[in-house]
(Lines give C-alpha, C1' and ligand atoms only; values in the text may rest on other atoms or scores of the structure.)
Protein backbone atom coordinates (compact mmCIF):
# COMPACT_ATOMS: atom_id res chain seq x y z
CA UNK A 1 0.00 0.00 0.00
CA UNK A 2 1.27 3.40 -0.96
CA UNK A 3 0.10 6.83 -2.04
CA UNK A 4 -1.14 7.24 -5.63
CA UNK A 5 -0.86 10.40 -7.72
CA UNK A 6 -4.59 10.85 -7.28
CA UNK A 7 -4.19 10.64 -3.49
CA UNK A 8 -1.33 13.12 -3.59
CA UNK A 9 -3.36 15.58 -5.63
CA UNK A 10 -6.31 15.36 -3.24
CA UNK A 11 -3.97 15.99 -0.30
CA UNK A 12 -2.27 18.89 -2.09
CA UNK A 13 -5.60 20.47 -3.06
CA UNK A 14 -6.75 20.47 0.57
CA UNK A 15 -3.45 21.91 1.77
CA UNK A 16 -3.53 24.57 -0.93
CA UNK A 17 -7.02 25.66 0.05
CA UNK A 18 -5.90 26.01 3.66
CA UNK A 19 -2.82 28.01 2.63
CA UNK A 20 -5.05 30.35 0.62
CA UNK A 21 -7.29 30.76 3.67
CA UNK A 22 -4.26 31.68 5.78
CA UNK A 23 -3.02 33.94 2.98
CA UNK A 24 0.49 32.49 2.88
CA UNK A 25 1.79 30.87 -0.33
CA UNK A 26 3.39 27.49 0.31
CA UNK A 27 5.41 24.72 -1.24
CA UNK A 28 3.48 21.46 -0.88
CA UNK A 29 5.03 18.03 -1.46
CA UNK A 30 3.82 14.46 -1.10
CA UNK A 31 6.07 11.39 -0.99
CA UNK A 32 5.08 7.74 -1.19
CA UNK A 33 5.77 4.86 1.22
CA UNK A 34 9.33 4.69 -0.16
CA UNK A 35 9.91 8.35 0.65
CA UNK A 36 10.02 9.28 -3.04
CA UNK A 37 8.29 12.35 -4.45
CA UNK A 38 4.84 11.76 -5.92
CA UNK A 39 3.82 15.36 -6.51
CA UNK A 40 4.87 18.92 -5.67
CA UNK A 41 3.23 22.30 -6.13
CA UNK A 42 4.70 25.73 -5.46
CA UNK A 43 1.97 28.30 -5.05
CA UNK A 44 2.62 31.62 -6.81
CA UNK A 45 4.82 33.78 -4.62
CA UNK A 46 6.06 30.95 -2.39
CA UNK A 47 9.76 31.09 -1.53
CA UNK A 48 12.19 29.26 -3.82
CA UNK A 49 14.33 28.13 -0.89
CA UNK A 50 11.28 26.29 0.45
CA UNK A 51 11.04 23.87 -2.50
CA UNK A 52 13.85 21.72 -1.13
CA UNK A 53 12.52 22.05 2.41
CA UNK A 54 8.95 20.97 1.60
CA UNK A 55 10.13 17.92 -0.35
CA UNK A 56 12.57 16.99 2.37
CA UNK A 57 10.14 17.51 5.25
CA UNK A 58 7.98 14.87 3.59
CA UNK A 59 11.04 12.66 3.07
CA UNK A 60 12.11 13.14 6.68
CA UNK A 61 8.71 12.24 8.14
CA UNK A 62 8.77 8.95 6.22
CA UNK A 63 12.49 8.35 6.80
CA UNK A 64 11.98 8.34 10.56
CA UNK A 65 8.25 7.53 10.70
CA UNK A 66 7.46 10.53 12.83
CA UNK A 67 6.44 14.11 12.19
CA UNK A 68 9.23 16.62 11.74
CA UNK A 69 7.71 18.58 14.66
CA UNK A 70 8.32 15.55 16.91
CA UNK A 71 11.78 15.00 15.45
CA UNK A 72 12.60 18.64 16.21
CA UNK A 73 12.14 18.04 19.93
CA UNK A 74 14.75 15.30 19.93
CA UNK A 75 17.19 17.13 17.63
CA UNK A 76 18.02 20.21 19.67
CA UNK A 77 21.44 20.71 21.23
CA UNK A 78 21.76 18.30 24.14
CA UNK A 79 19.01 16.09 22.73
CA UNK A 80 19.44 12.45 21.71
CA UNK A 81 19.42 13.15 17.95
CA UNK A 82 21.29 16.45 17.84
CA UNK A 83 23.16 16.55 14.51
CA UNK A 84 20.73 14.33 12.62
CA UNK A 85 20.02 17.22 10.22
CA UNK A 86 23.36 16.74 8.54
CA UNK A 87 22.79 13.03 7.87
CA UNK A 88 21.22 11.59 4.71
CA UNK A 89 23.07 14.08 2.50
CA UNK A 90 21.38 17.05 4.11
CA UNK A 91 17.84 15.81 3.42
CA UNK A 92 16.71 15.71 7.07
CA UNK A 93 14.61 18.72 8.07
CA UNK A 94 14.06 19.13 11.79
CA UNK A 95 11.25 21.61 12.11
CA UNK A 96 7.47 21.44 11.83
CA UNK A 97 5.60 20.82 8.57
CA UNK A 98 6.32 17.20 7.68
CA UNK A 99 3.59 14.71 8.64
CA UNK A 100 2.93 11.03 7.87
CA UNK A 101 0.07 9.89 5.67
CA UNK A 102 -1.67 6.75 6.97
CA UNK A 103 -4.43 4.42 5.87
CA UNK A 104 -5.57 2.82 9.09
CA UNK A 105 -2.38 1.56 10.76
CA UNK A 106 -0.44 1.58 7.52
CA UNK A 107 1.96 4.41 6.62
CA UNK A 108 1.48 5.17 2.92
CA UNK A 109 3.59 8.31 2.55
CA UNK A 110 4.04 11.79 3.96
CA UNK A 111 3.31 15.43 3.27
CA UNK A 112 5.76 18.33 3.60
CA UNK A 113 4.83 22.00 3.76
CA UNK A 114 7.17 25.00 3.68
CA UNK A 115 6.52 28.68 3.18
CA UNK A 116 5.12 30.16 6.35
CA UNK A 117 5.82 30.08 10.08
CA UNK A 118 6.26 26.71 11.73
CA UNK A 119 2.70 26.86 13.03
CA UNK A 120 1.29 27.76 9.63
CA UNK A 121 3.25 24.99 7.91
CA UNK A 122 2.06 22.44 10.46
CA UNK A 123 -1.58 23.54 10.20
CA UNK A 124 -1.52 23.28 6.41
CA UNK A 125 0.15 19.85 6.60
CA UNK A 126 -2.50 18.57 9.02
CA UNK A 127 -5.25 19.79 6.70
CA UNK A 128 -3.63 17.87 3.88
CA UNK A 129 -3.41 14.71 5.97
CA UNK A 130 -7.12 14.78 6.69
CA UNK A 131 -7.90 14.77 2.96
CA UNK A 132 -6.21 11.42 2.26
CA UNK B 1 7.48 37.06 -16.96
CA UNK B 2 7.58 33.55 -15.62
CA UNK B 3 5.48 30.42 -15.33
CA UNK B 4 2.63 30.35 -12.79
CA UNK B 5 1.38 27.26 -10.96
CA UNK B 6 -1.74 27.39 -13.14
CA UNK B 7 0.44 27.39 -16.27
CA UNK B 8 2.47 24.49 -14.93
CA UNK B 9 -0.63 22.45 -14.17
CA UNK B 10 -2.04 23.01 -17.66
CA UNK B 11 1.29 21.91 -19.17
CA UNK B 12 1.47 18.86 -16.90
CA UNK B 13 -2.13 17.86 -17.66
CA UNK B 14 -1.43 17.88 -21.40
CA UNK B 15 1.78 15.90 -20.97
CA UNK B 16 0.03 13.39 -18.72
CA UNK B 17 -2.74 12.81 -21.28
CA UNK B 18 -0.11 12.14 -23.95
CA UNK B 19 1.76 9.74 -21.65
CA UNK B 20 -1.48 7.85 -21.00
CA UNK B 21 -2.06 7.65 -24.77
CA UNK B 22 1.41 6.19 -25.22
CA UNK B 23 0.82 3.89 -22.27
CA UNK B 24 4.04 4.80 -20.47
CA UNK B 25 3.94 6.35 -16.96
CA UNK B 26 6.15 9.41 -16.66
CA UNK B 27 7.61 11.91 -14.25
CA UNK B 28 6.63 15.41 -15.34
CA UNK B 29 8.26 18.57 -13.98
CA UNK B 30 7.94 22.26 -14.74
CA UNK B 31 10.44 24.95 -13.66
CA UNK B 32 10.07 28.73 -13.80
CA UNK B 33 12.28 31.31 -15.53
CA UNK B 34 14.82 31.00 -12.69
CA UNK B 35 15.06 27.22 -13.18
CA UNK B 36 13.21 26.52 -9.91
CA UNK B 37 10.57 23.80 -9.59
CA UNK B 38 6.96 24.99 -9.91
CA UNK B 39 5.24 21.61 -10.01
CA UNK B 40 5.98 17.91 -10.38
CA UNK B 41 3.81 14.85 -10.88
CA UNK B 42 4.87 11.20 -10.92
CA UNK B 43 2.28 9.04 -12.66
CA UNK B 44 1.52 5.76 -10.91
CA UNK B 45 4.13 3.19 -11.88
CA UNK B 46 6.69 5.71 -13.14
CA UNK B 47 10.30 4.99 -12.13
CA UNK B 48 11.59 6.56 -8.93
CA UNK B 49 15.04 7.19 -10.45
CA UNK B 50 13.32 9.39 -13.01
CA UNK B 51 12.08 11.96 -10.45
CA UNK B 52 15.49 13.63 -10.29
CA UNK B 53 15.94 13.30 -14.05
CA UNK B 54 12.64 14.95 -14.96
CA UNK B 55 13.24 17.85 -12.58
CA UNK B 56 16.79 18.29 -13.81
CA UNK B 57 15.92 18.01 -17.51
CA UNK B 58 13.68 21.02 -16.96
CA UNK B 59 16.46 22.78 -15.03
CA UNK B 60 19.00 21.97 -17.74
CA UNK B 61 16.86 23.32 -20.58
CA UNK B 62 16.56 26.63 -18.74
CA UNK B 63 20.16 26.64 -17.54
CA UNK B 64 21.46 26.52 -21.10
CA UNK B 65 18.42 27.92 -22.94
CA UNK B 66 18.21 24.96 -25.27
CA UNK B 67 16.46 21.61 -25.30
CA UNK B 68 18.29 18.73 -23.68
CA UNK B 69 18.01 16.90 -27.02
CA UNK B 70 20.04 19.69 -28.66
CA UNK B 71 22.48 19.76 -25.75
CA UNK B 72 22.95 16.01 -26.17
CA UNK B 73 24.35 16.49 -29.66
CA UNK B 74 27.09 18.78 -28.40
CA UNK B 75 27.89 16.73 -25.30
CA UNK B 76 29.00 13.45 -26.82
CA UNK B 77 32.60 12.25 -26.63
CA UNK B 78 34.69 14.44 -28.91
CA UNK B 79 31.99 17.15 -28.96
CA UNK B 80 32.50 20.73 -27.76
CA UNK B 81 30.63 20.25 -24.46
CA UNK B 82 31.61 16.68 -23.54
CA UNK B 83 31.77 16.53 -19.75
CA UNK B 84 29.10 19.19 -19.14
CA UNK B 85 26.95 16.53 -17.44
CA UNK B 86 29.14 16.65 -14.35
CA UNK B 87 28.88 20.46 -13.97
CA UNK B 88 26.30 22.30 -11.86
CA UNK B 89 26.51 19.70 -9.08
CA UNK B 90 25.28 16.88 -11.30
CA UNK B 91 22.06 18.65 -12.29
CA UNK B 92 22.79 18.70 -16.04
CA UNK B 93 20.96 15.99 -17.99
CA UNK B 94 22.14 15.48 -21.56
CA UNK B 95 19.44 13.44 -23.22
CA UNK B 96 16.04 14.22 -24.71
CA UNK B 97 13.00 15.28 -22.69
CA UNK B 98 13.78 18.80 -21.44
CA UNK B 99 12.24 21.63 -23.49
CA UNK B 100 11.90 25.39 -22.98
CA UNK B 101 8.56 27.05 -22.33
CA UNK B 102 8.16 30.37 -24.17
CA UNK B 103 5.61 33.13 -24.40
CA UNK B 104 6.41 34.77 -27.73
CA UNK B 105 10.15 35.47 -27.63
CA UNK B 106 10.33 35.25 -23.85
CA UNK B 107 11.54 32.14 -22.04
CA UNK B 108 9.25 31.63 -19.05
CA UNK B 109 10.42 28.21 -17.84
CA UNK B 110 10.92 24.65 -19.01
CA UNK B 111 9.36 21.19 -18.88
CA UNK B 112 11.20 17.95 -18.13
CA UNK B 113 9.90 14.46 -18.82
CA UNK B 114 11.43 11.15 -17.75
CA UNK B 115 10.04 7.63 -17.73
CA UNK B 116 10.07 6.23 -21.24
CA UNK B 117 12.41 6.06 -24.20
CA UNK B 118 14.10 9.25 -25.35
CA UNK B 119 11.60 9.56 -28.18
CA UNK B 120 8.64 9.05 -25.85
CA UNK B 121 9.97 11.57 -23.32
CA UNK B 122 10.53 14.14 -26.05
CA UNK B 123 7.07 13.62 -27.55
CA UNK B 124 5.40 14.05 -24.17
CA UNK B 125 7.48 17.16 -23.45
CA UNK B 126 6.52 18.71 -26.79
CA UNK B 127 2.86 18.05 -26.08
CA UNK B 128 3.23 19.81 -22.76
CA UNK B 129 4.91 22.80 -24.39
CA UNK B 130 2.00 23.29 -26.78
CA UNK B 131 -0.41 23.58 -23.86
CA UNK B 132 1.25 26.65 -22.32
CA UNK C 1 12.35 42.69 -13.34
CA UNK C 2 15.72 41.58 -12.17
CA UNK C 3 19.19 42.90 -11.46
CA UNK C 4 21.47 43.74 -14.42
CA UNK C 5 25.26 43.48 -14.45
CA UNK C 6 25.42 47.27 -14.40
CA UNK C 7 23.19 47.32 -11.30
CA UNK C 8 25.35 44.68 -9.64
CA UNK C 9 28.53 46.62 -10.34
CA UNK C 10 27.10 49.81 -8.88
CA UNK C 11 26.04 47.92 -5.76
CA UNK C 12 29.44 46.24 -5.47
CA UNK C 13 31.31 49.53 -5.94
CA UNK C 14 29.38 51.14 -3.08
CA UNK C 15 29.95 48.13 -0.83
CA UNK C 16 33.63 48.07 -1.67
CA UNK C 17 34.05 51.74 -0.80
CA UNK C 18 32.41 51.12 2.57
CA UNK C 19 34.65 48.10 3.22
CA UNK C 20 37.71 50.22 2.45
CA UNK C 21 36.45 52.86 4.89
CA UNK C 22 36.09 50.19 7.57
CA UNK C 23 39.48 48.80 6.62
CA UNK C 24 38.29 45.20 6.28
CA UNK C 25 38.62 43.37 2.93
CA UNK C 26 35.40 41.62 1.92
CA UNK C 27 33.86 39.21 -0.55
CA UNK C 28 30.93 40.90 -2.25
CA UNK C 29 28.35 39.01 -4.31
CA UNK C 30 25.12 39.98 -6.07
CA UNK C 31 22.47 37.53 -7.27
CA UNK C 32 19.47 38.16 -9.52
CA UNK C 33 15.76 37.56 -8.87
CA UNK C 34 16.29 33.85 -9.53
CA UNK C 35 19.04 33.65 -6.89
CA UNK C 36 21.76 33.20 -9.53
CA UNK C 37 25.12 34.98 -9.34
CA UNK C 38 25.42 38.17 -11.39
CA UNK C 39 28.79 39.39 -10.12
CA UNK C 40 31.33 38.73 -7.40
CA UNK C 41 34.44 40.56 -6.23
CA UNK C 42 36.98 39.46 -3.63
CA UNK C 43 38.95 42.40 -2.32
CA UNK C 44 42.68 41.79 -1.95
CA UNK C 45 43.34 40.05 1.35
CA UNK C 46 39.76 38.87 1.89
CA UNK C 47 39.37 35.32 3.19
CA UNK C 48 39.00 32.52 0.64
CA UNK C 49 36.51 30.65 2.85
CA UNK C 50 34.27 33.69 2.58
CA UNK C 51 33.79 33.39 -1.21
CA UNK C 52 31.19 30.65 -0.78
CA UNK C 53 29.63 32.44 2.18
CA UNK C 54 29.16 35.77 0.39
CA UNK C 55 27.61 34.11 -2.67
CA UNK C 56 25.35 31.98 -0.50
CA UNK C 57 24.29 34.80 1.80
CA UNK C 58 22.94 36.52 -1.30
CA UNK C 59 21.30 33.27 -2.43
CA UNK C 60 19.79 32.73 1.03
CA UNK C 61 18.27 36.21 1.25
CA UNK C 62 16.50 35.64 -2.07
CA UNK C 63 15.64 32.00 -1.33
CA UNK C 64 13.67 33.02 1.76
CA UNK C 65 12.89 36.64 0.88
CA UNK C 66 14.36 37.95 4.11
CA UNK C 67 17.74 39.15 5.30
CA UNK C 68 20.09 36.51 6.67
CA UNK C 69 20.21 38.55 9.89
CA UNK C 70 16.45 38.05 10.29
CA UNK C 71 16.72 34.40 9.33
CA UNK C 72 19.40 33.99 12.01
CA UNK C 73 16.94 34.91 14.74
CA UNK C 74 14.57 32.11 13.74
CA UNK C 75 17.29 29.52 13.16
CA UNK C 76 18.86 29.27 16.59
CA UNK C 77 18.52 26.15 18.74
CA UNK C 78 14.94 25.94 19.96
CA UNK C 79 13.76 28.35 17.22
CA UNK C 80 11.20 27.51 14.55
CA UNK C 81 13.75 27.06 11.75
CA UNK C 82 16.66 25.48 13.62
CA UNK C 83 18.37 23.14 11.18
CA UNK C 84 17.53 25.14 8.05
CA UNK C 85 21.26 25.70 7.46
CA UNK C 86 21.65 22.13 6.25
CA UNK C 87 18.85 22.40 3.66
CA UNK C 88 19.28 23.41 0.01
CA UNK C 89 22.52 21.44 -0.31
CA UNK C 90 24.31 23.52 2.32
CA UNK C 91 23.69 26.84 0.56
CA UNK C 92 21.72 28.42 3.44
CA UNK C 93 23.77 30.85 5.53
CA UNK C 94 22.16 31.93 8.79
CA UNK C 95 24.13 34.94 9.93
CA UNK C 96 24.16 38.61 9.00
CA UNK C 97 25.35 39.98 5.66
CA UNK C 98 22.74 38.88 3.11
CA UNK C 99 20.15 41.51 2.19
CA UNK C 100 17.44 41.77 -0.48
CA UNK C 101 17.66 44.23 -3.36
CA UNK C 102 14.32 45.86 -4.21
CA UNK C 103 12.95 48.27 -6.78
CA UNK C 104 9.88 49.66 -5.09
CA UNK C 105 7.91 46.62 -3.92
CA UNK C 106 9.67 44.26 -6.31
CA UNK C 107 12.52 42.01 -5.20
CA UNK C 108 15.15 42.08 -7.96
CA UNK C 109 17.99 40.19 -6.31
CA UNK C 110 20.18 40.20 -3.23
CA UNK C 111 23.64 41.14 -1.98
CA UNK C 112 25.89 38.99 0.18
CA UNK C 113 28.92 40.20 2.13
CA UNK C 114 31.48 38.11 3.98
CA UNK C 115 34.87 38.95 5.40
CA UNK C 116 34.46 40.86 8.61
CA UNK C 117 32.41 40.68 11.78
CA UNK C 118 28.66 40.21 11.46
CA UNK C 119 28.13 43.89 12.12
CA UNK C 120 30.71 44.91 9.51
CA UNK C 121 29.27 42.55 6.92
CA UNK C 122 25.75 43.87 7.55
CA UNK C 123 26.86 47.50 7.36
CA UNK C 124 28.64 46.92 4.06
CA UNK C 125 25.62 45.05 2.67
CA UNK C 126 23.27 47.87 3.64
CA UNK C 127 25.54 50.38 1.93
CA UNK C 128 25.41 48.28 -1.21
CA UNK C 129 21.63 48.08 -1.09
CA UNK C 130 21.33 51.86 -1.01
CA UNK C 131 23.28 52.15 -4.27
CA UNK C 132 20.83 50.11 -6.35
CA UNK D 1 52.74 36.27 -6.74
CA UNK D 2 49.06 36.06 -7.50
CA UNK D 3 46.25 37.86 -9.26
CA UNK D 4 44.81 40.98 -7.60
CA UNK D 5 41.22 42.19 -7.89
CA UNK D 6 42.50 45.00 -10.08
CA UNK D 7 44.19 42.46 -12.37
CA UNK D 8 41.02 40.38 -12.50
CA UNK D 9 38.91 43.37 -13.42
CA UNK D 10 41.26 44.36 -16.24
CA UNK D 11 41.16 40.80 -17.58
CA UNK D 12 37.36 40.68 -17.29
CA UNK D 13 36.94 44.05 -19.01
CA UNK D 14 38.97 42.88 -22.00
CA UNK D 15 37.06 39.61 -22.21
CA UNK D 16 33.75 41.43 -21.93
CA UNK D 17 34.65 43.77 -24.78
CA UNK D 18 35.52 40.79 -26.96
CA UNK D 19 32.26 39.03 -26.06
CA UNK D 20 30.34 42.17 -27.02
CA UNK D 21 32.20 42.24 -30.34
CA UNK D 22 31.21 38.63 -30.97
CA UNK D 23 27.67 39.42 -29.83
CA UNK D 24 27.44 36.53 -27.36
CA UNK D 25 26.85 37.21 -23.65
CA UNK D 26 29.26 35.32 -21.42
CA UNK D 27 30.04 34.37 -17.88
CA UNK D 28 33.58 35.50 -17.07
CA UNK D 29 35.51 34.31 -14.00
CA UNK D 30 39.04 34.84 -12.71
CA UNK D 31 40.71 32.73 -10.02
CA UNK D 32 43.97 33.39 -8.19
CA UNK D 33 47.08 31.22 -7.86
CA UNK D 34 45.27 29.13 -5.27
CA UNK D 35 42.41 28.43 -7.70
CA UNK D 36 40.00 30.56 -5.64
CA UNK D 37 37.55 33.01 -7.22
CA UNK D 38 38.72 36.62 -7.39
CA UNK D 39 35.93 38.05 -9.53
CA UNK D 40 33.00 36.98 -11.70
CA UNK D 41 30.70 38.81 -14.07
CA UNK D 42 27.64 37.48 -15.87
CA UNK D 43 26.80 39.63 -18.86
CA UNK D 44 23.08 40.35 -19.28
CA UNK D 45 21.44 37.45 -21.08
CA UNK D 46 24.23 34.95 -20.42
CA UNK D 47 23.05 31.47 -19.47
CA UNK D 48 22.61 30.70 -15.77
CA UNK D 49 24.00 27.17 -16.17
CA UNK D 50 27.24 28.74 -17.35
CA UNK D 51 28.01 30.47 -14.03
CA UNK D 52 29.27 27.25 -12.48
CA UNK D 53 31.07 26.29 -15.69
CA UNK D 54 32.96 29.58 -16.07
CA UNK D 55 34.13 29.54 -12.45
CA UNK D 56 35.15 25.91 -12.69
CA UNK D 57 36.92 26.25 -16.04
CA UNK D 58 39.17 28.77 -14.32
CA UNK D 59 39.55 26.43 -11.33
CA UNK D 60 40.33 23.50 -13.62
CA UNK D 61 43.01 25.35 -15.61
CA UNK D 62 44.79 26.18 -12.35
CA UNK D 63 44.12 22.79 -10.76
CA UNK D 64 45.97 20.99 -13.56
CA UNK D 65 48.11 23.87 -14.82
CA UNK D 66 46.92 23.51 -18.37
CA UNK D 67 44.15 24.98 -20.47
CA UNK D 68 40.83 23.15 -20.38
CA UNK D 69 41.11 22.82 -24.18
CA UNK D 70 44.32 20.82 -23.69
CA UNK D 71 42.78 18.82 -20.86
CA UNK D 72 39.85 17.97 -23.14
CA UNK D 73 42.14 16.14 -25.53
CA UNK D 74 43.37 13.83 -22.79
CA UNK D 75 39.93 13.30 -21.21
CA UNK D 76 38.01 11.66 -24.03
CA UNK D 77 36.97 8.01 -23.88
CA UNK D 78 40.07 5.90 -24.33
CA UNK D 79 42.31 8.79 -23.30
CA UNK D 80 44.66 8.77 -20.30
CA UNK D 81 42.44 11.02 -18.13
CA UNK D 82 38.99 9.81 -19.15
CA UNK D 83 36.71 10.24 -16.11
CA UNK D 84 38.62 13.14 -14.59
CA UNK D 85 35.50 15.33 -14.94
CA UNK D 86 33.87 13.56 -12.03
CA UNK D 87 36.80 14.14 -9.68
CA UNK D 88 37.19 17.14 -7.37
CA UNK D 89 33.49 17.12 -6.46
CA UNK D 90 32.45 17.76 -10.06
CA UNK D 91 34.52 20.94 -10.40
CA UNK D 92 36.64 19.74 -13.35
CA UNK D 93 35.44 21.08 -16.72
CA UNK D 94 36.96 19.38 -19.75
CA UNK D 95 36.17 21.65 -22.65
CA UNK D 96 37.64 24.88 -24.02
CA UNK D 97 37.43 28.23 -22.26
CA UNK D 98 39.71 27.89 -19.22
CA UNK D 99 43.21 29.38 -19.63
CA UNK D 100 46.10 30.10 -17.26
CA UNK D 101 47.16 33.61 -16.36
CA UNK D 102 50.95 34.04 -16.19
CA UNK D 103 53.42 36.75 -15.31
CA UNK D 104 56.58 35.69 -17.12
CA UNK D 105 57.09 32.06 -16.09
CA UNK D 106 54.91 32.38 -13.04
CA UNK D 107 51.31 31.14 -12.98
CA UNK D 108 49.25 33.74 -11.11
CA UNK D 109 45.72 32.46 -11.75
CA UNK D 110 43.33 31.53 -14.53
CA UNK D 111 40.36 32.79 -16.50
CA UNK D 112 37.22 30.81 -17.32
CA UNK D 113 34.66 31.74 -19.97
CA UNK D 114 31.30 30.11 -20.63
CA UNK D 115 28.35 31.18 -22.70
CA UNK D 116 29.06 30.58 -26.36
CA UNK D 117 30.50 27.85 -28.55
CA UNK D 118 33.78 26.28 -27.55
CA UNK D 119 35.59 28.43 -30.09
CA UNK D 120 33.93 31.61 -28.89
CA UNK D 121 34.66 30.83 -25.24
CA UNK D 122 38.31 30.12 -26.05
CA UNK D 123 38.70 33.30 -28.10
CA UNK D 124 37.24 35.44 -25.32
CA UNK D 125 39.46 33.73 -22.74
CA UNK D 126 42.58 34.37 -24.83
CA UNK D 127 41.64 38.04 -25.16
CA UNK D 128 41.33 38.24 -21.40
CA UNK D 129 44.72 36.61 -20.88
CA UNK D 130 46.42 39.22 -23.05
CA UNK D 131 45.10 42.02 -20.83
CA UNK D 132 46.86 40.80 -17.68
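Think of it as A, B, C and D in the order they're written, each chain with its own count starting at 1.
Please note the rule applied: a residue touches a chain if its C-beta (ideal position, glycine included) is under 8 Å from a C-beta of that chain, and two chains touch if they have at least 3 such contacts.
All values reported here derive from a predicted model rather than from experimental measurement.
Ranking every chain by how far its Cα centroid lies from the centroid of subunit A, the top place goes to D. Per-chain Cα centroids separate subunit A from subunit C by 29 Å. A straight line joining the Cα centres of subunit A and subunit B is 25 Å long. Once the centre of each chain is set as its mean CA position, subunit A and subunit D turn out to be 41 Å apart.
Contact of a single residue of subunit D with at least two other chains is seen at positions 48. Inter-chain contacts occur between A-B, A-C, B-C, B-D, C-D. Of all residues in subunit B, those touching subunit D in their complex are 34-35, 60, 62-65, 77-78, 80-84, 86-90, 92.
Here subunit A touches subunit C in the complex through residues 47-50, 52-53, 56, 72, 75-77, 85-86, 90, 92-96, 117-119, going by the rule given at the top. Here subunit D touches subunit C in the complex through residues 4-6, 9, 34, 36-44, 48, 51, going by the rule given at the top. For subunit C in complex with subunit B, the touching residues are 32-36, 89.
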